[in-house]
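Note that the chains take the letters A, B, C, D and E in the order they are written out, and that residue 1 is the start of every chain.
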Amino acid sequence: MEKMDRRDFLKRVGAGALVTGAGALGSGVMVPTGLWAQAPKIKGPIKVGYQAVLSGTLAGYGEFHKMGAQLAVEEINQKGGIAGVKVEIEFRDSTMKPDDAIKNARYFVDSWGADYLAGVDSSGQALALAPIMDKLDRVLMVTHAATEKLTEEWVFKKGIKQIFRMVNSTYHDSNAAAFIAKDLPALKWATVSPKYEYGFTCWKLFQETLKKLKPGVSFPAESWAPAGTTDFRSHINTIMDANPDGLYSTEWAGELITFLKQAKQAGLFDKVKHVMLPVGAAMDVLEGMGAEMPDNLWISGRYFFLYPNNKDNNDWVARFRKRWNHYPAYVSEAGYSAIYALKAAVEKSGSKETKALIQTLEGMELDTPAGRRLFRKEDHQAMYDVPWGKTKGDPKYPFKIMGESKVIPAKSYFSRPPFEGPGADPPFSS
Amino acid sequence: MLLEVSNIDTYYGTSHVLQGVSLAVEEGEVVALLGRNGVGKTTTLRSIMGLTPPQSGSIKLADREICGQPAYHVARLGVGYMPDDLRIFPDLTTDENLEIARRLSKRTGYWNRERVIELFPKLGDLARARGLNLSGGEKKMLGIGRALMANPRLILLDEPSEGLAPLIVANLIEVLGKIHQQGVTILLADQNLKFCRKACHRGYIIEKGTIQHQGRMEDIWNDEAIIRKYLVV
Amino acid sequence: MGDLILQIRKLTNFFGMVCTAKELDLDIEAGVLTSIIGPNGAGKSTLINLITGNLPVQSGSILFKGREISRLPIHQRVRLGICRSFQIVNIFPELTVLENLLIPTLALSGRTRRFFAKIEGEDRARDQVKNLLEKVGLAGVKDTPANVLSHGDQRLLEVGVALAVEPSLLFLDEPTAGMNPVERVKVLENIRQLSREGQTTFVLVEHDMDIVFSLSERVVVLHRGDILGDGTPEEIKNNVQVREVYLGDSV
Amino acid sequence: MLQSVVQVILAGLSTGMFIWLVASGLTLIFGVLGVLNFAHGSFYMLGAYFCFTVLKYMGANFWLGLILGPLCVCVIGFIVERFFLRYVYHIALPYQLLLTFAFVLIFDNLVKIVWGAGSISPPALAALGGSVDVLGRKFPIYNILIIVVGPLVALALWGMIEKTWWGRIIRASSSDREMASAIGVRVPALFTSVFVFGTWLGALGGGLAVPYVGIMTSGMGETIIIEAFIVAVIGGLGSLKGAFVGALVIGVLTAFGTRFFPTFDMFLTFILMAGILLWRPQGLFGVAR
Amino acid sequence: MKLKSWQMALVVLSLLALVGVGLFSGRFMIYLAMRVMILAIFALGYNLLLGQTGLLSFGHGAFYAAGAYGLGFFGLHLSSHPLLGLLAAVVLAAVLALIIGFFCVRHTEIYFAMLTLAFGMMVFSLLWSAREVTGGDDGLVGIMRDPVSFFGLLEIPIGKDRQYYFLVLAVFVLSAWAVQRIRLSPLGLALSGIRENANRAEFAGLSVKNYRLAVFVISGAFAGLAGGLETLLESNARPFMAHWGHSAEPILVSLLGGLQTFAGPLAGSVIFIAMREMVQRFTENWMLWFGIVLLVIIMGFRGGVVGVFQRLIGQAGGGR
């Protein structure tokens, strides 16, 4: 395995940034420029196969995916497409089942003729797709599934180069949370988390990192809720029996709403002062909880529409709201950016061939609503910063927002891989 | 003619059970359907009731065609039925078994709970006992009582004397007499010739799905050849 | 003749709800065509159910050829040589006549365990079934599904299926019910013939007294779970008690 | 420890009563019609959505929504029974399951089309949103309401079945359809009415579920129907008493399992189910069919 | 039972078509065809239980999963020989079916269905919970298709989908042939007898319980075979395979095609996968339309598609 030290890595990143920067020079972010209009003509439309869950209890996530990706396609086509070629997009229901994910991907590539794949919600689906991606040989831009194994094992170790991930992985949900937690006056942490790999992994990483960052901590209780839990009363009891100072929970979507509502009723937030919800800043949760959302919970997500507070992002949120009458969810941003990543890659490489796209995407920097993303060459993970903050009310919004945001730089908690061995685990003191 | 069954053919699956059965019952008569096991007595009653609709033929109740009508319709026209296995509703108490039959029929008349209990005083003591806890004899009383509660013009009784001790059979004859006095027409199917002789006016003898003989009960009783042929060893 | 093929001792709990439990003793002699008669609810069917295993025996013993069988499952009793036909048609309705008869024939020789052989290749069983078809007179309809046969033919098939396991003791529960006269004669001839051959001891439950008296060598009268009469047809015909039972109790 | 156990029992009771509300309709329908209605979970879901809609658009209060919402679902139940289910009573069980399963697919998607794909999270009820103190820990008033409502529904059902005229006809018809028709019961009409009533029970459960669960989604019926199935099977299919006891057992067992054996709580439910079925195939209070 | 000439022609044509798909079709078609064949193996075996013997199991997903995980474990820890792996899949599934079947076959109808459901879900929750061994909900991932090697003398690569297709086709044809042999064997006849009239079968000298257990194990083995094949195709095994929702698939397929025919599960598998695929192409609310189609089939084509087809042929040919 090729060894690489940090300086090398930074150099490459720097170089990538330079190139990309040059490409974007003098133009508004995301706005197609004339620079690549002269590029050799690409044949036919560029086809994007996008799969997300469109049925069942999580169907709302699929809709948010669609809004983002659809908006990007509309914008791009309105302005003449990618390098003069129209973008076509087709959505398919992934049903959250791995075998359906595989079937969809095969359909997109082998039958419909997709040039680029995006979407995928669950870790199980992403991992099921990983082994066949080299055979399908299309770039798969994962916009939701969070398992670190995808980029760490399949891209980095096994060299399945077709896989990229637009969003944060479990490292953000666990390690970054630990970085926040270490500064909180809480020594005893407990969790109520989903009873599947995502929940298990995040809790394990959170504990490991926090232990290193703050040796005195203990973890007196954990409680696991199977998918589809509608009643968290017993889980809440488990936590309250342990009497912790802090609660960490990777519950998400509807189940997080249910959990928060029931925990509030049970007075959990009166007893436990420090609560961390790594995916609590999702729009469905914030909107769903509305005014009932307790104040002062630490929340984060893959993206939050008020961050970064700059013109690009604010304009995008405005466009999104105008088009869909919704605030963008994090999957919307990921879906949107996934299409723009394709655009950037195609325009830069002048080709829609997978090989060219991979080469271009590796190390590419991309300005997106969530801020500047860097696709790490080694594991194809997009590096970008997502804030943590505490819930608070704001008269401008009918729901609680993230106040007092705190940004942990992605690279400080996101270093493993490619840096294996001693010192690769957080805390990653430089 | 209150009941006129003409030439009905009834099948159970492929089994041609009734082969052109015809019989008639006058208003106010007590008529017996005699025959050994398995000759078609039960099926005849079920066909009249609409539980096993005949494939062809005609059944008229007071000149109204009821062949092929659903059972509940026949019941509401005033036909009471007691099946051979009685089929007392096991989850219902004695009172409820009676009540349900009365309220479902829109007919009014002589018969009500008090009158039935007058007829079978034992049922008064068992008012709150569930059907499944009753003895065979008690069920039989309840079965007859239930059939009466609808104030029917005609009741069909399947094997009323079967399994009853001699003393009770005698009692039953008395009871049927009382019922008859109230103007109820009775068609019963039974194997017990002595019982039928005392309880009925006329009799039909059925064998292998066809009526073989008919006549006044006294005549049948005195016809040794007929008895030997159709009824006894 | 004269060997006891079946000995029933102190069998209880075998008839309907009407009467209290009594104990019953009954012997069946090998080779003697026996009929069991009695009015409804006398306990005839229950008795057969107990002997053949359809109902569990509560107490008492049943010895078949000297062997206690009252706790054995049905199929083991069948393999020992006890079989029965049913009062209501009880065959394999959607299978053809041939298949109906093949099942017991193959089962008897343990060949139904063969899961990869072709049924066409089961020559021995096919020969046996062919004989049987001739015997019961269904050869002409052998490929007809059983449920489209006439009722009489279904009854014939019912008897045929029971015979196919080559029982040494066979209970026939109203074998001629629902048959037309021609079929009836055919069945009765068969029974008489087979009984004479002596491999099978027949026990008949019948209501048709013509049949009972013309066929049986011994008649047992059951009434409320009790044996009311037992003897030759002539003896039974002249038994006053029996007559009473059929015409109704002393009213 | 005592505090913990009491809390777990309370949580188990409220879970159990919840499942009971859904299982009661399922059991009633099976007991009388002999049909395993897989779409019962859909009625639960539709109940939730209709209650919510009544609440939202008619400006009605929660109780009125709880009355009107399920009534709307009854209309759907009527259509399902009268025009579809009625024709499969006499055919084999798998077809019945398949038919009701088809309705699950249809209703789930119709809800998605009509109300949108995302979860809907209605605001908490002002009056019942609070909590009371039980051994030093808060317990929601609404859960207490459910713990009370569950037995009340059981009592009402029991009273209806045992004491009313309609209940008598139901009992008579469920044990002997043919005899019931022979004394004048219009059995098909009765079945329709029972099905519609069962639908109403399921929809009522759905309406009550929303403040309890906090959200509703287009697939919300699928989890609950499995739990209701398990409960109905353990208790004995068709036995309301069994469903009630089964719901309590499963509710409390799940609560204890979650609290004390977190790894195998799912496993426990099914091992209990298998154990009971092996010991008594007809379920705790079922009658062998 | 002799094949009629049109049936023979249909078989030959289907085989030719299948080979043609493998040789000339696009990759997606090949993939779909493999899914259809794997589902068909599952359903054909299952239908020995449901159609032939009349037992409704809601737990055959457990045996499918046993095959999938069996092949997965075998491949990851012992040998990555695909045929040995498939053998391991079948053996593990059959053993599991023997154990579960032992408890279940004494009951029938709805009780049998519910018991098998409970056992199947137990397997599901074990697969889900025993993360260290099974990988939890992520399942076993990355099971590769090594070449089929015959003692090192001959190696047939199956890495590419088109190559693997012919292995699946071969297994499928063998399975279909085997199932048909079983259907037409003395055992098959005995099973039909048990379905038609268990009491009479008992009086024909059959130990009904043992025969039920035997067919339970046989159908479980076919489920395991299908599970193993799918694991090789998708290179993963996942707990959902044991879920009742997956157990319901062969039921659905058999009912769609027709319960009491050999071709029923085959036709059902084609319809199930092809219809879903087609509906999915024109609407995202595919479940709605799928539900409506199901409704129409149940209300209108009760004997399944094959049953209706046969009736048409029968009418055209003038009776049976």
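The definition used in the following text is that a residue touches a chain if its C-beta (ideal position, glycine included) is under 8 Å from a C-beta of that chain, and two chains touch if they have at least 3 such contacts.
Keep in mind that this is a model prediction, so the values were computed, not measured.
J.: Shared touching chains for chain B and chain D?
T.: Both-contact set = empty.
J.: Among the other chains, which touch chain A and chain B together?
T.: Both-contact set = D.
J.: On a CA-centroid basis, which chain has its centre farthest from chain E's?
T.: The most remote chain is B.
J.: Could you work out which chain's C-alpha centre is the most distant one from the centre of chain C?
T.: Greatest centre separation from chain C goes to chain A.
J.: Taking each chain's centre as its mean C-alpha position, how far apart are chain C and chain E in Å?
T.: Result: the chain centres lie 42 Å from each other.
J.: Which integer distance in Å separates the CA centroid of chain C from that of chain D?
T.: 50
J.: Measuring centre to centre with CA averages, how many angstrom lie between chain A and chain E?
T.: That gives a centre separation of 38 Å.
J.: Going by the contact rule already set, what residues in chain D reach two or more other chains?
T.: 108-109, 112, 263, 266
J.: By the touch rule stated above, which residues of chain A touch at least two different other chains?
T.: Each of 54-55 in chain A touches at least two other chains.
J.: Using the contact rule from the top, write out all pairs of chains that touch.
T.: Chains touch in the following pairs: A-D, A-E, B-C, B-D, C-E, D-E.
J.: Which residues of chain D touch chain E in their complex?
T.: Within the complex, chain D touches chain E at residues 36, 84, 87-88, 91, 93-95, 97-99, 101-106, 108-110, 112-113, 226, 233, 237, 263-264, 266-267, 270-271, 273-274, 277-278, 281-282, 289.
J.: Using the touch definition from the top, list the residues of chain B that touch chain D in their complex.
T.: Its residues touching chain D are 49, 51, 70-72, 75-76, 80-81, 83, 87, 89-92, 96, 99-101, 103-105, 146, 150.
J.: Sort out for me which residues of chain C touch chain B in the complex.
T.: By the definition above, chain C touches chain B via 16-18, 37, 39-41, 87, 89, 147-151, 154, 174, 177-178, 207-209, 212-213, 236-237, 242-243, 246-251.
J.: Could you please specify the touching residues of chain B with respect to chain C in the complex?
T.: Against chain C, chain B makes touches at 13-17, 36-39, 135-136, 159, 161-163, 165-166, 169-170, 173, 191-195, 198, 227, 231-233.
J.: Please name which positions on chain E make contact with chain C in the complex.
T.: Touch residues, chain E against chain C: 178, 181-182, 184-190, 192-193, 196-197, 199-208, 211, 214, 218, 260.
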